Amino acid sequence: MPFVTVQIGKGHSIEKKRKLVKAVTDALVTALGTKPEWITVHIDEFEREDWAVGGILHYDKHNGRHEETGR
Amino acid sequence: MPFVTVQIGKGHSIEKKRKLVKAVTDALVTALGTKPEWITVHIDEFEREDWAVGGILHYDKHNGRHEETGR
Amino acid sequence: MPFVTVQIGKGHSIEKKRKLVKAVTDALVTALGTKPEWITVHIDEFEREDWAVGGILHYDKHNGRHEETGR
Amino acid sequence: MPFVTVQIGKGHSIEKKRKLVKAVTDALVTALGTKPEWITVHIDEFEREDWAVGGILHYDKHNGRHEETGR
Amino acid sequence: MPFVTVQIGKGHSIEKKRKLVKAVTDALVTALGTKPEWITVHIDEFEREDWAVGGILHYDKHNGRHEETGR
Amino acid sequence: MPFVTVQIGKGHSIEKKRKLVKAVTDALVTALGTKPEWITVHIDEFEREDWAVGGILHYDKHNGRHEETGR
């Protein structure tokens, strides 16, 4: 009963989420041999003002430069 | 100091949440003998586009059919 | 697809865990009308040296006095 | 690679969040000797209708009295 | 800064874990276009006595039959 | 009712944990004005074989070189 939580920055389209949950599920099937129907994936999005590395909010550090933040 | 996190689909009324936290708290009191005031319950709601089973988003699978999704 | 995480102190018997997951599952069925087979419960036990309230480890505060700690 | 999740009530200003992630990061640097750039802090805010102690929602218990709730 | 938590049953070899974190990381790279070095994966293993579906512990339901449990 | 989860590598002494929970609690008191007795801190330790950055297990990357891993 694998349960996967993916914490990512806010702002991904539903199309990207569709690809994400499919790709992550396939990854578990391949690596562990689990049946897909046993696998749950939860996407947990965070605002950039709610995430910090090195004591600095992403909001402050990467404002407007999504591509470089590894959102 | 039990700490309980309940992850459920978005859209429950405050009345349902009231019943939920009461029922979960009572469950721990009964099963473990913990005093109610030691028990914290956190409801963490997810959007249906942020949850998938078998690699398919709930948004795609159960669109508009809440009752059958075990929300 | 409710997913419940119960964080409690280490040291409960499997019999207590059996009662706990049953009682929590029933609580969700009653409060939300969810079918039991949709509900997952995860028990996540912590050591008393890994938990603190008010900046003091349970290990230091409640050493040997389980009943009063709301384990 | 310490990863810290801070669950707090909704409604803190970005200025408070700025102070929070800095203070928590410094705390880990001091206590563990970790380099700041290794430390991630995630702020996870909850609504008062999604949090309960003793089986009673904060929404019901502390409505309008933030200061006393330890938000 | 994606952060992925994979909750699975205990008992996977380090070789399987190696494959798992690689496959999950690749999945995020492909689906989201994130650089691999931004992605953290955390494997969180649970004992079968700490996990239940439908109110029944895996320990009781699937004792000794790993392959069918989707561990 | 702030609830803080600190995920760190395994192997810290109880003395370090004591300092950690005190320092994190003080950080929240200072930044948010919360009373210490409202603050819970949970230390969640991970094995190095259960944590990966860039698709590579810490076990493989940093074997025996704790100081550089930001444990």
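First chain written, first letter: the chains are A, B, C, D, E and F, and each begins at residue 1.
The criterion applied here is as follows: a residue touches a chain if its C-beta (ideal position, glycine included) is under 8 Å from a C-beta of that chain, and two chains touch if they have at least 3 such contacts.
Everything numeric in this text was worked out from a predicted model, so none of it was measured.
Student: Which number of steps is the smallest that gets you from chain A over to chain C via touching chains?
Tutor: The fewest touching-chain steps linking chain A to chain C number 1.
Student: Please identify each chain that touches chain B as well as chain E.
Tutor: Expected: A, C, D, F.
Student: Between chain C and chain D, two copies of one chain sequence, what rotation angle (nearest 5 degrees) aligns their Cα atoms?
Tutor: 180
Student: Which chain has its C-alpha centre farthest away from the C-alpha centre of chain C?
Tutor: Centroid comparison gives A as the farthest chain from chain C.
Student: Report which of D-E and B-C is connected by more C-beta pairs in contact.
Tutor: B-C
Student: Hey, which chain ends up farthest from chain D, C-alpha centres compared?
Tutor: Of all chains, E has its centre farthest from that of chain D.
Student: Starting from the mean Cα coordinates of chain B and chain D, work out the distance between those two points in Å.
Tutor: Their C-alpha centroids are separated by 21 Å.
Student: Take the average of all CA coordinates in chain D, do the same for chain F, and state the distance between these two points in whole angstrom.
Tutor: That pair's centroid distance is 15 Å.
Student: Centroid from C-alpha atoms only, then distance chain B to chain F, rounded to Å. What do you get?
Tutor: Taking the average C-alpha coordinate of chain B and of chain F, the gap between them is 27 Å.
Student: Two or more other chains touching the same residue: where does that happen in chain C?
Tutor: If we look for residues of chain C contacting two or more partner chains, we find 1, 3, 7, 22, 24, 26, 37, 39-40, 42, 51, 53.
Student: Chain pairs that touch, all of them, please.
Tutor: Result of the pairwise touch check is A-B, A-C, A-D, A-E, B-C, B-D, B-F, C-E, C-F, D-E, D-F, E-F.
Student: Residues of chain A touching chain C in their complex?
Tutor: Listed in rising order, the residues are 1, 3, 40, 42.
Student: Which stretch or stretches of chain A touch chain B in the complex?
Tutor: Its residues touching chain B are 14, 17-18, 21-22, 24-26, 36-37, 39-45.
Student: Looking at the complex, which residues from chain A come into contact with chain E?
Tutor: It is residues 1-9, 12, 16, 19-20, 22-24, 26-28, 30-32, 34-35, 37-39, 51, 53, 58, 69-71 of chain A that touch chain E.
Student: Contact residues on chain F for chain E in the complex?
Tutor: Chain F residues touching chain E: 7, 46, 49-57, 59-60.
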